[in-house]
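Letters A, B, C and D mark the chains as written, and numbering starts fresh at 1 in each.
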Amino acid sequence: MTFDIFVIPFFGGLLFLLAVLFIRFTAWLATLDKSGRKKLGHGLLNGQIFPATWEVFMESLLHRRMFKQNKLLGFMHMSFAFGWFLLIVLGNLESRIYSGGHVNPPYYPIFLKFFVHDKRTLPFELYTLPGFFRFIMDFVLLFILSGLVLALIKRVRSKWFGMKRTTQHSRFDKWAITSLWLIFPLRLLAESFTAGAYQGGGFLTNTLGTFFAAFLPVEYLYYPAWWAYSTALGVFFVTLPWSRYMHIPTEVLLIYLRHFGIKTGKKPDSFSEIEIYSCPRCGVCIDVCQMNSAGRTSSTPAYFLRSLRYGNPDDEQNANCMLCGRCHEVCPVQIDTLAIRIAARYEDNKLLVPSFKYLDQFDPSDTTADILYFAGCMGHLTPAVKKAMLKILTASGERFSFMDEDGSVCCGRPLLLAGLHEAAAELIRKNTDLITRSGAKTFVTSCPICYKVFNEEYKLPGVEILHHSQYLLRLVESGKIKVNNTGITAVYHDPCELGRGSKIYNEPRWLLDRMVTINKTEQERENSLCCGGSVGDLSMNHTERNVIRDEALKVLLASEPDILVTACPLCKKTFDNGTETVVMDIAEVVSERLQPASKTELSAAVEIAG
Amino acid sequence: MSGAVEKVRFGFSVNKDRQIDYDANLKNVSDIVQKAEPTFNLCISCGTCASTCTAGKFTDFSLRKVILMVRRGETKGLENEITKCMLCGKCQLVCPRGVSTRNLILQIHKALKTGAL
Amino acid sequence: MKHEGKKLVWQEYQKEIADDHFFYARSCIRQTFFPGSEKVFTKILKDELGKDIYDSEHHTSCTGIGYHADAVPFETTMTVVARQFALMTEAGYENYAASCITSFGLYTEILETWHHFPEVEAKAREFLYKATGREFKIPKNLAHASDIIYKFRYEIAKRAKYRLVDKNTGKPLRVVEHIGCHYSKMFPHKGVGGAEYPYVLTGMIEAWGGEVIDYPERRHCCGFGFRQYIVQANRGYSIACSKKKFDSMEPYEPDMIITNCPGCPMFLDRWQYALSEMEGKTYGKNGNGIPVFTYEEVAGLVLGYDPWEIGLQVHQVPAEPLLDKMGIEYDPGSKFKGPNGEDLGRPIAPSYLKFYKE
Amino acid sequence: MNRKIAVIGGGAAGLEASSALTSLGFRVVLVEKEDETGGHIKNWHALFPNRRPGVEVLDALRSKLGSDVELFSGKTVTEIKPVNDRFELSSADGWKTEADAVLLTTGFSLFNARKKEEYGYGIYDNVITSAELESAFSTGKIAMKSGEQPKRIGFVHCVGSRDEKVGNIYCSKVCCVTAVKQAIEIKQYLPDCEVFCFYMDMRMFGRHYEELYKEAQEKYYIQFIRGRLSESTEDHTGKIILKVEDTLLGKPLKIGVDMLVLMVGMEPAEITKNLGTQLGLVSDSDRFLVSTDQHISANISEIPGLFFAGTCTGPKNIADTLADARSAALAIAGYFDNNHNKS
């Protein structure tokens, strides 16, 4: 007997799901842009498949990153994914034993215990192959059920999982999660009842079956139980493409495409859509998002991605994000929410076509220098940073020029952050021209926002782009300037655009190490908090920003350092208004501890400082 | 009537009135913007934004004026005016009233494009 | 609108106007713009009211146009005005009556200046004496000619043959009154009713049966403003001022405009033609304009003078629709006939503004 | 000793000074020209910046008056005669009293808005003063003459203040914040009504005033247009057409409103001027009384035994008036201490 009518809900659901997935995936792949399609072709041929498959195994099944984030959550996800995977793989192997190696219909391994009542001869007869499978299948089922228990607990008491919140579900999600949570308990019941009626099953199902048979008419119950099990599977498969569980198949596709080098573009595209569908809404990002402090939970990444997926992106959700990148750091699926958000902003703001024709008239006097210093827009609002840099540059004896001394052209990053990359390109062109004409070999900026865009978007062959923290470290290491250590304590705040944005965590610390004693803080480097001043956010008001600032200050100043050091004029300005602790830019720290190398340099330094 | 042929050449034409006719002006852009970015209402025309403005260095662009023009319904020509903004955000940093200037620019432009009809 | 409130204001601005024996100073430009007006004024005073009015042929321009165009210095102006006063003194008069609003404003300004700065007056006396050997007395009473008509408005009403009333409906005509800027805007207490709600023309209109329209731009200048009109490049500004007024009064459907200044009737009348030619716009119903009159012309009309005798044929906006409305009898055929009945020819009709009666 | 002090004027300053003086042990004769004490507060529906009912403050002031205060109401003091270190006071109706010292708390009167003719008060139907609006708030009925609710209201700041043309060069201090307060109240009564304030400068000098201003912008979208009203006229629909310059845009602006509220400023009260003249007291170009030293002895007049408190020496808000009244009471106590020590 290899068929019963109850398999139809499952089988129908499965076929439906496969059809939907086929259509969706094909549509996505077909609408990849030109470079995406090219990369897809290359990727399929150049062996990227293997590391990608490994990652699929590690992430989609074992949830390695999730484990790193949170052991309990990791186990929960792994039990479902890997457990179910094992159930399928082992179930197939098991079914082969009973069918003599024939190819079975896909439902056969799933409902094997209905079709085959393998009566036991001995308890725990592990030495026989069927006995082994009976054991292992029950074990895997137990493994999954343990994850299910954790999931139930998490829903009620998310705090036990170290999470402040859990994701709120949409309508489809509720159908899907209910059916999903029913699948394995129903399978357990169906197999147990069957075992109770026919004395089959492994250590779990047999024991339970015997237990139930004592007081339940299991011979009448098992058949409806198989029906229920099949139905739960069917419902899950049918609702899956519209629920968050779509992430399960989509993430696999995402991992392959990412290995092929495909990235989220500046406009929404099919790859960003794949990313959006890959979001499991695990809620890890919601937890780390500082928007919660501002009371703007609806614009946290998971909800933002959900809105995008269901096609009702909300202006405020688009605009209301500091683009600090904390979510990206923790995301188990590594979804590039920042890029997606910026692309969504492009959609939102694309009607705005700035025109900077007037910049044609801007032609500052030709200056030639080796080092070009750029304070940036924000730098001009923190004159202490400018002054410190000029003092240091003078003391170093380098041939430098202050590029934006007399007004600047914006670097273009703020426009990029608003999604206006075409407009940003105009500014990039102008600045590129100014830098190229200066003949400088090194470009130093005080602003991480500027640094990121100069580093990533500008094409300046032969010009090295440095943030001033990198450059100052180089000056100290090369002996061009000397600093002393005054023994005071300091906390270093990683600016988002410098740290997570540009992966510069060490240079500022190495530099500071020579001058102060650095106190550790609870959240630093990749986990550093945003100061709240971000130009990435377009909509948050002043009061909300202050809440975020104050929370960050609380973490930073927990060790009561003498000074709070940062390397971004915007962070400095933001923090300065929220604390009595002295807030300094790293350049100011250097400038204060500058040891004159010679008499001439000393006089120059004094002159500048005065 | 208005399309009349100028039969007699007088050597001059009727000067356009500079007066803001508030009752005749449409305020829909202003209505949209104040809903989209409530801090729009908070501007006190101090001019800090315009004085620090990166674009204002090269042009006569002034967010203070733009805000007033929107409030008064003087939206003609404003669309072009706004394209001068580089969105750098200096104004936001110096604004004493906490106006979200960058979003304001985006919202004003959006309203001009979509809501001015 | 609270009429009582306006009356309270008017009470504040009562001015003394002499009863008889006027030294009349004519206007430089009114005689060409509205040649019948000054003639009607003297006629009413002499023939209707039996007043003594001295119409000197020796007085000159007050220099107002040159003064306001910055071409004539104040010292010169004062000396010229001192000469006018000397003529009055020599003729044995003490009450000075000015036909022109700008002159009236200038005389007022000079008298105020002399009042506050006697040394300036002494200087003016000295200049006059050196230049002409004349001496003068300060006028006992200075009035604008419209003040005098205002003073005698009820006497005129008593003798009136017509009233400012629609003869068909019996309803008062809707009248826009326009006061020359120099009448009371500089010295509110020197004008009847003050600067904000001047009463001088309103009083006449009310006395003669009309209803005054208070429209938003009533305080606005007619657009003359010497420099604005004299320089062609500025005329677009001049006409824009008039247009602003017309646009503002149009919803009230006025039957006529009455003015008391040389420039205002000229520009409110001629610019209606120019606007109709430039923009195809007319401000009366069915392509008609809003006829514009001087207060003397209106006084003459209510007294039953022949419209062509008081010079209404030189108006650009034809007066006939109003004459018909008031029921004034006139001979349409003699509109363009000279003093001796000779045919003067007929002007070409404007493109949009209705000029000839159909 | 039990000296007797005559306090002239039963407004905020007079009431507060009387209770302060009695607590310092003086006998007080409080003379009020109207039938009831309370001065301007009794007509004021709500006070800035917290919109507290005026009557609440008035009740508190009145309840502090002890039995040592002898109140004479309906008496207009016309003459105060210094006689041998004492004062003889008499009123228009022949009533007389004597006192060891006199405190003038004769207050202010509101600027007569008719003087700004071009604004049309008393001429156009829907031009009212801030005081009339305040009375309207008391009755809870904000309506145009036609009985309809206004859809747009304009407030004109500085009516009769900072205006040399009407003879008042000074700032009346309280009108800006009153305008903001009343504008907010209008929005609370009529949420759909548009409200505009035409100001020259926003003088939000007091504590919580700026916050009130911000609230008006943020919560009620009251529009503030910098520019003084030049003239108003009525159009054929009865709407009041205002002409101002939007000085921040540098353009003239025309706007129609259904109702215009004139923020009338403070002028010295008639009685202040009369008594000042009669006593030969110094007054400034602003016509308010002048004390011997604006900073150090703000309550002391040139005449020994004669003191000032409240708005007879210039515009003040209620808190400042009350503080000034208490300060005057101390000045009077100091005066007698010094005299006592000398003799």
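The criterion applied here is as follows: contacts are C-beta pairs under 8 Å (C-beta built on N, C-alpha and C of every residue); 3 or more make two chains touch, one makes a residue touch a chain.
Note that this is a predicted model, so its numbers are computed, not measured.
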By CA centroid distance, what chain is farthest from chain B? C
What chain sits nearest the middle when you go by CA atom centres? B
Determine which of the two chain pairs, C-D or A-B, is joined by the larger number of C-beta pairs in contact. A-B
Averaging over Cα atoms per chain, report the distance between chain C and chain D in Å. 46
Between chain A and chain D, what is the separation of their C-alpha centroids in Å? 64
Based only on mean CA positions, could you tell me how far chain A sits from chain C in angstrom? 83
Which whole number of Å gives the spacing of the CA centres of chain A and chain B? 39
Among chain B residues, those touching two or more other chains are 38
When you check chain C against every other chain, which residues touch at least two of them? none
Going by the touch rule set out above, which residues of chain D reach two or more other chains? none
Checked against the stated definition, the touching pairs are A-B, B-C, B-D, C-D
Enumerate the contact residues on chain D facing chain B in the complex. 202, 214, 217-218, 221, 223-224, 226, 246, 248-249, 251-256
Under the touch definition given earlier, write down the residues of chain C that touch chain B in their complex. 232-233, 235-237, 239-240, 243-244, 274-275, 277-281, 351-352
Touching chain B in the complex: which residues of chain A? 315, 319, 348-349, 351-356, 358-359, 361-362, 377-378, 380-381, 407-410, 412, 414-415, 418, 420, 427, 533, 535, 538-543, 570, 573
Which chain B residues qualify as touching chain C in the complex? 1-4, 6-8, 10-17
How about chain B: which of its residues touch chain A in the complex? 36-39, 52, 54-55, 57-59, 80, 82-90, 92-94, 98, 100, 102-103, 106, 109-110, 113-114
